[in-house]
Structure formats: C-alpha cells, structure tokens
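Following are the structures in question.
The two complexes that follow have chain A in common; it is paired with chain B in the first and with chain C in the second.
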Partner chain A sequence: MKLDNIYQEEKKSNLAKVSEIIITMASRPSGFIGLSILIFHVILAFISPYIAPYDFKAINPTLMLQAPSAEYWFGTDDLGRDVFTRTILGGRTALTITFFGSLIALLWGGLLGIFCGLVGGKTDDIVMRIVDAFLSIPWILAMLLIVSLLGTSTEVLIPALGFFYGKGIVRVARAATHDVIAKDFIVSARARGHSNFSIIWNEIIPNVRDAILVEGAMRWSWMLLGFSSLSFLGFGVSPPTPDWGLMISNARGLMSFAYWSVIAPIVGLSSLIIGINLTADAFAKALGIDRSTKAPV
Partner chain B sequence: MTEIIQKVKNLSIGFKSKKGEEILILRNISTNIKKGETVGIVGESGSGKSTLALAMMGYVKHGLYTIGGECEFNSSNLLKMKNRDLEKIRGRKIAMIPQNAGQALTPNLKIGYQIDEALQLHSDLKEEEREQKISELLNKVRLPSPETIALRYPHELSGGQQQRVAVAMALAGTPDLLLLDEPTTGLDVTTQAHVLELLNFIAKDTGTSMVYVSHDLGAIAQVSDRIIVMYSGEIVLEGPSRDILKKPIHPYTYGLLKSIPKLSLAGLPQSMPGSQPQPGAIHRGCSFFDRCDFSEEKCKSNSPQLEYLEQLNTSVRCFNHKSLMNDSQVNQTVNKIKTSLQDKEILNISEVSISYAKQNLLDQVLNRISDDNPTVKDININIKKGETIALVGESGSGKSTILKSIAGLLRTKGGIIKFDQKRNLSSDLKERDPNDLRIIQLIFQNPDESLNPNHTVEEIIAQPLKLYFGLKGEELKKNIIELLQKVRLGEFYMSRYPRQLSGGEKQRVAVARAFAAKPDIILCDEVTSALDVSVQAAVLNLLQQLKEDFGTTYIFVSHDLAVVRAISDRVAVLYQGRLCEVGPSKDVYQFPSHPYTEVLLGAVLEPDPDIKPKLVAEDIVEEKPPQKGCSFQGRCSRILGDICKNEIPPWQITNSGNSIRCHIPLKELQKDQIN
Partner chain C sequence: MLFLIIKRILLGLITLFIVSLITFVGTEILPGDACTTYLERQAFGEQLEACYRRLGLNVPAYERYVSWAVNAIQGDFGYSLSGEMPIKEVLGPRIKNSLVLASAAIFIGIPIALILGIVTALWRDKLPDVAISTVTIFAMTIPEFISATLLILIIAIWLEWLPGIVIVPTDVSFLELLPNIILPVIAIAMIMTAHMARMVRSSVIQVMASEYVQMAILKGVPYWKMVFKHVLPNALLPAINVVALTIAWLLGGVVVTEVVFNYPGLGRLVIESISNRDLPTVQALAIILASIYVSINLLADLMTLMLNPRLKTLQIRK
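After this line comes the complex of A and B, so read on.
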C-alpha cells in the first residue's frame, strides 16, 4: 500500500506547512542559493552595527581613496571613510523600508484586487481604470514629487513605495480571483447566502494567497531597486547614513581610478536583488504555481 | 489470416514517485490490432486506456516513461524511435482524433487552411490537387457545402461539425490506423449518434483500422468489432464485441454492464461497491479483489493471468470466469424506486422567462429587462412535495438556466416562483431571506469545482451548519459526523482535502453539504455526468435513499435520458428554453411523444450491439430560439408547414396525463412514431 500515505495525510499545522515549503525551496540549487543570499543579507542587517570595524561617518582626509588593504578591506572613499563598514551597513535602511513597503503593497493591492474581482461590474470598471491611470504615471516622477513635498523620512517613504508598488498587485490579485470566481464552490457559497466578506475570507483568499505572495516577493526586489534609484538621485536616504544607492552615486565619478568604492555597494545591491528573485522563484515552484514542474498523473 | 498492423508486446509504462518507487500505469499489456478492425478500449478514468492509445503512436506523456515492452508498427518499435522518424509515421500512418476538437483546431485559421496544412505535411499532393482533396475530405465526413465550410473559422461551426473536421484532418494522410480518444464525449446525444455513424461509415469505406478509447460502453458497442476492457492498468477482458457485451465473463465487466441504467428499465441499477485502486496500490492478488462479488481466498494473494479461451476467442483475467460463463446474460435487476409523492405542491413555477440579452442604458437605469425573444420562455411547472422531476435537453436547452433562477443566482425576466404555495421567491439573491436560501440547495456537476480545494471535508460541511444553524464546537462536529455517515463516509474523512478523495467520494461530500442545510428542495445539476459509470449508480442510489429518509424534492437536470429514466418520477423535455413535453417518466418514454423527445430517445446509445440509434433529425445546432412558432421547427422532421412556423403549438394531453406541445394530433404522432 505505497500510495496510501498520500491519501491519509492529516491536516497539517501552519508551522509544518511553512517548514515543508522552505525545505522544498532549499532542495533546488537555485532556491538554495537564493535563500542563502537572502538569509545572509538579513542576518547581516541585524548584526552589522556590532561587527562594523570602523565608525561609518568618521571622515579622515589623510586616508582618502586608499586601495583595499589588510586594514581597510574594501579600501576607503573620497572622504577617507571605510568602504567595508559602509557596505555592510548600507543594506539596512533599504531592506527595512522596502520590506514594510512591500507588506503594505501586498495588503492594499491584494485586498483591492480580490474585491474588484469578486464584485465585478461598474465598481470593478471604475477602480481598474483609476489603477490603470496610476500605472501610466512614471513612478519615479511621482515619487520625486511626493518626496520633495513631504520629505524623505521613513514614514513618507514606506507608504509612498507601498502605494506605487501595490498597483501591479491589484491586477495580479484580480486576475487570480477571476480564476476562482467562476468555480462552483463560490457559486455554491453565494447560493447559500454567505456575505461578501465571508466569501472573500473563506473561499477566495485561501485560493489566491499563493499567487499574491509570490507576486509580493517579486515586487520586493523591484522596490529595492526603485528605492536605491531614489537614493542614487539623492531623494532616498540622506547622507551621511550609509546606503548602497547613495554610495554608488557618490563614487561613480571616481570609478576610473578608485573602482573599489563603487564595486562593493554594487555587489551588495545586486546580490540582494538576485537573492530575492531566486527565492521568489523557488517559492512559486514550491507552491506549485510553476506548471512546468508539476508532477505527472 | 488478416494482417496485424500494430503489435503491443508486454508493455509497461509508469512513473517514479517522490520516494523513488516505480509506479505502473500500464502493466504488461499485450494485444494486436488487425487491419481493418475497430477495437474499443473501455475502462474507467485512471485505468490507463488513454496512455495505451498514446503509446500506440509512440507517445508517452511527460513524466511517464516506458518500463518495458514495445509497440510494434510496421515491424519497428515506436517507443524506441527517434522523434524525426516518428514524425514520418504520425499523421501519415497513424492519426489521432482528440476528445475536444474545438480545442484541437487553431481558432484563428480557416478550416480549409488547417486541412491544407495537414495535407502538406502528410501527403505528396501538389497545390491544385490539394484543393480538390480538401473538398473531397469534407464531403467524406458529410459536412454540408464543403466550399463554404472550408472558408469558415472553427468557432463558426458546431461541436459536431468541429469533430467532423477533426476526422477529415486525420484522414488527410490516409492513415492505416486511426486512434480516437473519447471522440464523442463532449457532444450532445444526437450529435454523438451522428458522429458515431460517420465513424462506422469511414471504417467500412476506407478499411482503416481504428482504436476507439472511451469510458462509454454505449458508444463502444456501436462502433467496435473487438473490445478490450481495462482495469487498473491491466487488460482484464478482451474479445469479440458482441460476446463481451452480451456475455461478459469477467466480474468487472459484468458489474459495469449491470450498473448502466437502461431506457427499457425504470428504477435504479445496482451499483458496484468501492472504487478503482490507485496506481501502485496493488502488489499482490487480483486488482479487482475488493469490489468483486465472485472473489475467493486465492484471489487475494495470487494475481490471475490473462487466459485465452479458444472456443470464445476471448482472453480473460479471472480465476472464476467459468462460473460466470454459465450465468448466460446480464440479468439486470433494478431497485424499484419508491415514490414518496405527496399531493401538496411545494414549488410552482409559472410563466417564467429568463433573458441573457445585454441591456441598453435606459433599461439598466430603470432596472428592467426587455427582450422580446428571451432565452427561456413560458416555463410552467408545478412540483409536488417529495417528487423527483427531471429537466432534459441538449446543451443550450436552458435547463441549467432554469435551475439557476430557482436558486436565485440568475434574475428572471418575468414570471413567479412560489414556494409552498405561499411565499414568492424573489428572483434576486440579495432580496431572499436566509430561510428562503436554506430551503433550496444545489449539487453541482463537477465536485472538483464545487468543493474548495483548500478546505477539509470538515470545513466544507461545516459551512451551511454554521451559517444557518449557528452550530459550534462539539455539536457542530457531531452533526458533521452524522451527515458523513448518511452519505456512507467514515468519520476519518473529516480531516481530508478534496484532492485526497476519489470522484465518487467528492460527490458524496457535496451531497452531504447540500443536506446539511436541511433543505426542502435540492437542485441537482448533472450530478453524475462527471463520474464513472460504476460510481454513478452508487451516487444515484444514495440520492434515492436520502430522499426516502428526508422527504426531499429533487429537481434533476441531465442530458442522459437513461439516468433520468432511472431516478425521476416526472420528466420535462426542453428545447431552446421552451417546454416540449411534460409527463410522468414512464409515459414520456413511450409514444406518442413530441418530435424532439423522439429524436432524443432515438439517439440514446445502449451497451448492446443489437440496439442501433435511430437518427431522425439533422444534427444542426440552432443559435437562437425562433421568433415565433414552435421552438423545434428548425430541426423537426415532421414539420407541417406554415402553422409550425407561425403559431405556438397547443398543449395536448394524452390519456395517461402526458402533455405534448405539438401541432400534430396525438393519434397521428403515435401512428408515425411506431412505424
């Protein structure tokens, strides 16, 4: 009775489900690499203030643009600050702001998308046209406007990024809802007279949750790139706080003779984005959203 | 001796499970296909019949692989051939006709172009010759005016016409072997009969060998010379078609034939217990052991071998086939249905009409529906308490539409639906109070779609209990267990997800959910058409049992006239959203009947090679009901003339209380139909 255990599998606790998903993700090489990079960055963000060898804002004119050495592993920048210290600290703000930003994006985008998909009709039409209109505005322009009006504090950046990156999630959530909305179990719930809230909570969310989570994970990496672009343009994190976008922006003019001060933040930023992307991919596959890896029969 | 064109030798196909175990889908299959013969492969879903058919053209589905054996065609093993060599055989020597032709045809290419493509690939004809060949092919599959059909797009054809085009494309390469994978399953009964007749004609005309894969013994009986019965990846019975259908010597086939409802018999057929084992679940003994009425101790531990019986020209995989051989015919015994009919009327549907037409702005603002030719019109049915009434018709007849509006899911354009002779049920779901919603429950066609895949059985059945009765905790659990017992499922099913259940079990859960609301009326929308035959009988028996226990009224929608005959007290026949005939089921199945009922009855396929379908009307499909006159005027073979085209026919009532809506006097109808 080989297959019997499949048919007698008990209802699992949520923790067991999550750990099973993570194990499945890590069992693929790409998922393993992605997860390792992401976990490395997250741990680094937590411990970097305690392990940083130097003060990140200590300016030392005598140490300007030193090449990497045993003392200064990644060299120093144009103000004589240690690049290694600044690089390991440089992901903290970006990671925090974009993490909470994507949570907000996920929440409002997901819920609005599900609601539009369920209600349909005129409400859906109107909301979706507004979303489309926002999609047509270049986000960076709008962000610059918001930031220059309201400042670059975290309280402004998180909701602003969350809003702009949630628009795309609305569409995904709505499409995922459309997939299940025609199914008979929704019709059945309607015919029994369940409220819209109960239908969304009990019937739709369990079925669209995976798709929205994967989309949210992808948005996170895009938001990270977006946030770094803002910093690069001088509208994100304000100096002297170390930030990769800002560091790249500062050191880009010196690239020809002091490449080290640019390369370190670039590697930091791109490895984090690659890590998130690979993790999101593996996450989707572990949830069975990727159809190509579906088991036969 | 006739030439053998396909030789399957000891074929095993399977896949590796997550744990690395080899799980077999096909187990040691050997058979030969001779030139010019039609072989039917029959089995329930999961028996491996499609895998076998695909292997016959050298194709193994993604994820599966050949474990052993070969498929020999023209003395070369297809399963070992390179793709480039296979390309030369597929289409030219072996062609395939898929289940759903509508999806197999490219939607944005014209029919003629698509056939031309097939010809370019599979024949050596020049351009001018090809053009002629296209109309030749379309003529051969009996499509009207081939020149115009060739210029149409697939969506401009009906399902039956699309299937004919698929046949024409398959014939383009003049193949030696034609594989048909459930070619008529998605079609209406009348269309199905026409397509089968065409296939028979083509088999005779071209001498092509055919392998016909189907779950439907009725269809297989009409076309095949030889039948292979598959169960759990094995051939359990193989022999001449007539012998197998008349005198099945394997207990599975015997049980299968017994569980198919027949037109000639009212009442429910006997069901086979249990369901087919999952692939890989059986290691020793006969795979049919659990469900077999004839099993003995030795069947449990020893696997029977396929044994060839010279005198019957039949191979059988059973230790006990001799005891079945003496039991000459399938004596179908049916469980007579008890009618629990009461005089009280529970639901009155009067003058109901429903429209799907898009409303213009003014009507939207005024919140009204204006459509002078609605999809469903003039529906008058009074349903008694405890009755099972069946709505019958082909797709597009409006039967599901009527069901939806009774449930409140679809607004009616006019008319009244009255419950218990007192309360009018609003046509808008939001205006019905919770109790009005509770008294009417729905069971859907496909349990895969009607059960939320992310809920356990417990959560699924708990929903109506929580919603209508506010049950919680222990009491809720007690009720769920009770309901599960009522549908013959154990308590341990509570923690399972729908994907862990078989089709029949899922449908039982859906039935339990419907009964959880303690409804007065249950609407059954094609509840058995997604199920295997052996399971279908069990679900029908369950529904009947529950009805007797609870005194529920059923409104039963189906396209299958034999199923309807088995379960219903009364039948309403619909065409294009208009009623044609309403009457007690035993009378509807006798003449005189409405010309449309006659067409439907004629097209029913029975698993008996001696009963051939009668093709009365053309299998054209009408898009819209006619503006005036009789709804069936476009297809009626007994049309009288202008009167049918202009005047809505009157209701005529026979002595037994059967109402027929036709201009032809009953006596004349009866005289014509019996001849």
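After this line comes the complex of A and C, so read on.
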C-alpha cells in the first residue's frame, strides 16, 4: 500500500505538478489576485493590437489634451493621441523584454551559481568577489552607460537586463547548491563515478530548481521596475512606441491640467508589477520557500 | 575580533578595486572612448588630438588606469568634459545635497519602520498587520517614479501644500534647501520605510517563535517586559544588515527620485553626465556610489559584530 503511494507520486506528469502548484497558488486570496492580474495583462498584451480603437501614433492637433469622454475613454495626450489605445498597448514591449531578460538572468545566474557552489575553493572565491563588485555598482548607472553607448534596441536591452539582474541569482543558486551538496545522494553519485555534468544535471538541478525559479520570478518584477525606470528617464523604449514609463514621463509636465494622461499608465504599470509580485510570493509559498527575510538585493 | 574587522575592511577594499577595474575595462570595451563619444561628429583631426592630450588618452590603457587610480585614491578624479571643471568640484555640492536628502529620509524612516515592523509582528495576521502590510507592500512594489509623481500630483498640484519640484542652484545653502526637500524626502522615506518595516516584522516574528520566548511566556514574564527585554534586542540585530542592504539598494532608486523632483544631487548628476556622454564623470560616480555601498555594508557588518556577544565568543573560540 505504502509502496504503491510512492510509485504514484513518482508517476505524476509534469503537467499535473504544474497545475497542482497553480491551484495551491490560487487558493490564497493574494495569490488569486496576483495570478488574475498577471493573466489579464498577458492576455491584454496578446490581443491589444486587435482591440485598440485608434492608431497609437496618429497625431491629431485638434484633439490635444481632451478630457475623458465616451469617444476617448481615457482622454487624449499632448499630441492628440488616444490615451486608452496607448495604455492597453503600453505593456507589450516591457513584458516581452523583461520576460526574456529574466529567462537569460535565470539561465546564466543559475548555472554559474550551481557551478560555484559545486566546485568551491579558489574559483568560487574569485567569482563571488566579482559578483559582489558588480552588485555594488548601482544597476541604474551601469544600465544607463550601456544603453547610452550601444543604443536602446531590444537586442541590447534584453542581454543587458538579463546580465545585471542575473548576478543576484548567482548567490541564491550557490546557497541552494551548498544546501544539497553535502547530502548522501551526491556523495553516492560521486562514488558511482558520475561526471560533474551528470551530477549537476541529474542531482543538483532538480533540488535547487524551486529556489532559483522563485528568485527568477521575483527578479522579473524588479526587472520590470528597472526597465520602466529606464523608459521613464528616456533610455528605454524609443517614441512613438507606446510604453507606460515613457508615457508617464511625457504626461508628467502637463499633469496639472491633464491628469488623466498620467493616471492611466500609472494604473497599468503599478497593477502589472503588483500582479507579478503577488504571483511570485504565492509561487514561493506554494513551493514552501520563505522569502520574507530576504533583502531586496 | 580585530582580525575579523581588518578582514572585512580588506574584502571591501578588494571589492572596490574590482569595481574600479570593471568601470575602467567597461568603458574601454564599449565602442567609442571619452573623446569620440563626447565630441560626436566633430571627433577628428585637431580637436580629437587636443581632447586626447587633455585627458591623456594617448598613453596605453594600463598606464592610464594606474595613474587614474592613484589620483582617485587622493580624491582627484580628473576633469569633467562638459563642465570643463575638476570633477572634484562638480561632485562636492552634489554629494552634500544627496547626503541631506538621504539622511533626512533615514532619520524619519528608521523610527517609523521600527514601530510599524514591531506592531505588525506583534499583531500578526490581525487587523493592524493586514492594514499596514498591505500599504507597505504597495509602497515597496510601486516604482519610485510613480509614487513620486503621485505625490506631486496630490500634494503639490491638487492640494497646493508644497512646491512640486525643486528649483534651486546646486550650491544652495542648507536653510534655503529645507522647504524644497520635504516632498522628495517623503518619497524616498516611504519606500525605504516599507522595506525596513517588512524586515523588522519577519525578524520579530522569528524571535517570537523561538524557544526562549516560549519559555519566558511560560515563566509568566509580563508581556511588554518580555517584548522589550528579550525579543527586540535579539530581533533587531539581524535586521541591521538587511536595513543596510536596503539603503544601499535604494541608491539606484534615488537617481530616479532626484530626476522627478529636479533635485540637484548625485542622482541627477548620473543622468546629466550620461546624457552629456561625460565618461570621466561617470567613472568617478561609479566608484563613489560603489564606495558608499561597500562602506554601508561594512558598517552594518561591524555593528552586528560589536553588538552580538554570541558572534564575538564564537570567533574567539575559532
């Protein structure tokens, strides 16, 4: 009977495991809200080009700074463009860039961290010193420098963001590896004569995967925050592409008489970041990882 | 103990050395040097030569690094390209302004964070905790430029209580600066307080669950006496490190906040020097901000060492 149960556990498909985690996440109110917001934003990002009522770059001098009306739900901006159209389109670039950026961050940060945790010694010391040094340079300075010298194209932004947000993952992956490295199954894998690669792939990764994934989910929301800060400062998405950070910075100067053009992108960006954050938190709790004592670095 | 302190300081210095190498190599590898990026289309012939000579870019890279590093240790970062003045003079007033802003935010933020953190931990999952935690989570997750913009919109534009942006020269005196910094200080303190309050909360919760606190409860120690004598001293120790990391992490956020409020501090200098493609100033800023980060962390490490008797004896035994 007992053996049967164990067998059943083993046989569970990946899909079943994923859906189980999602159900656990959604069973908490905060997780449910976070997931719904995130799913709403992802769906919106896919369908917004088809449901946008106006052209996002159509400039109309006669319609400058109109208040919200039945025709223009969120009013118009200083160039007479429809704020509703631009708001529903405004998250697409940010979502795409930060999603792929987080994947890169997860990949290199996770692998380097596992490697450092496994080999230890001098290599580990040197790599961690360098990671520490990178951590002590404010990300915004480094990002601004890279972007101002190499341009703001997607091919620059994704690897640059992926690199700078991955260095924190190195530490988490390394710490998680240290936790499993002394366990018996690693020792026996070594005794069986497995290569380092096989140990990493078959023994370590399945055990540190959860911690790294949770960290990656958290990094995603920070990267989104960082990316929109870049856009806000004029170093991210280039106009006329609609982007929340850029829209807020443009509308900011006029908000004393046209507050609607700044409120709409603020709601869009804040809800997405909060959504990702709540989802990441619920994800951590569903996997049984406590993040509450972590510093935001 | 002394050995430990020296070791931490040495590690910090090594980190700073690597940072200086990274910034130097980084600006070296990325396309364009200080002169070509600064002069842009006029980067040829006589002008380029003159610029190279002025910055000493005509000598090999490693020689330049050594002379730059030697000067930087003495506080001399060379000349800013755009302002045509020593970077030291550009930085001076900016550092002072940023320090005013940061210390005001810390001064207000730490006591509030302590109170909020302790209250939320003691009334865990009750109404005060749920209410305060919701607010702190919002304050933590929303980008700095959004909360700053909302503050300006509500307090400066709708209520007209305070000036929305800071319009003062860089070298303004402290008293003139004071009324202008209220909003930026609130903006920074809000985010910082939220982060710290969360740390304090989880730290207090952890200690409350520990065995000696259970023991104290069983022994019948009065609740508040137990909280102040047994829980808080132990709970606030680990928080020091995390609070330091939070402050250091906010250095990046302060850049954005300073831009929103047009505040003449280090953060706006970062944006200005990058927009002007003033690489010598960017290098100086990188090393200065990194030093601040490293010294805050070092200070926190040392404080925990000094305040924690357990760690002291542990190290001596080793």
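Definition applied: the second predicted complex is superposed on the first by the 279 of 297 C-alpha atoms of A that agree within 3 Å, B and C clash if a C-alpha of one lies under 4 Å from a C-alpha of the other, contacts with A are read in each partner's own complex, and residues count from 1 in each chain.
The rule is short, and it goes like this: a residue touches a chain if its C-beta (ideal position, glycine included) is under 8 Å from a C-beta of that chain, and two chains touch if they have at least 3 such contacts.
The structure presented is a predicted model; accordingly, all values stated were derived computationally and were not measured.
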First, second, both or neither for A:Ile248, with chain B first and chain C second:
second
Between chain B and chain C, more extensive residue contact with chain A:
C
Does the superposition put A:Leu150 against chain B (first), chain C (second), both, or neither?
second
May I ask you to decide whether A:Pro206 touches chain B, chain C, both, or neither, giving the answer as first, second, both or neither?
first
Regarding the shared-chain residue A:Gly193, is it in contact with chain B (first), chain C (second), both, or neither?
first
Could you say whether A:Tyr50 touches chain B, chain C, both of them, or neither, answering first, second, both or neither?
neither
Look at A:Ile273 in the shared chain and tell me whether it touches chain B only, chain C only, both, or neither; answer first, second, both or neither.
second
Let me test your reading of the model: by the given contact rule, A:Trp139 touches which partner, first (chain B), second (chain C), both or neither?
second
Quick check on my understanding: which residues of chain A belong to both its chain B contact set and its chain C contact set?
295-297
Which positions of chain B touch chain A when the two form their complex?
15, 17-19, 21, 23, 25, 61-64, 278-281, 283, 407-409, 429, 432, 434, 437-438, 440-442, 444-446, 449-456, 463-464, 467-468, 495-497, 500, 513, 517
Seen from chain C, its contact residues with chain A in the complex are 14-16, 18-19, 22-23, 26-27, 30-32, 37, 137-138, 141-146, 149-150, 152-153, 157, 195, 198-199, 201-203, 206, 238, 241-242, 245-246, 248-249, 251-252, 255-256, 259-260, 270-271, 274-275, 277, 282, 285-286, 289-290, 293-294, 297
Listed in rising order, the residues of chain A that touch chain C in the complex are 129-130, 132-142, 144-146, 148-150, 221, 225-226, 228-229, 232-233, 235, 245, 248-249, 252, 255-256, 259, 262, 266, 269-270, 273-274, 277, 292-293, 295-297
Interface with chain B, chain A side, in the complex: residues 1-4, 6-11, 183-185, 187-194, 202-203, 206-207, 295-297
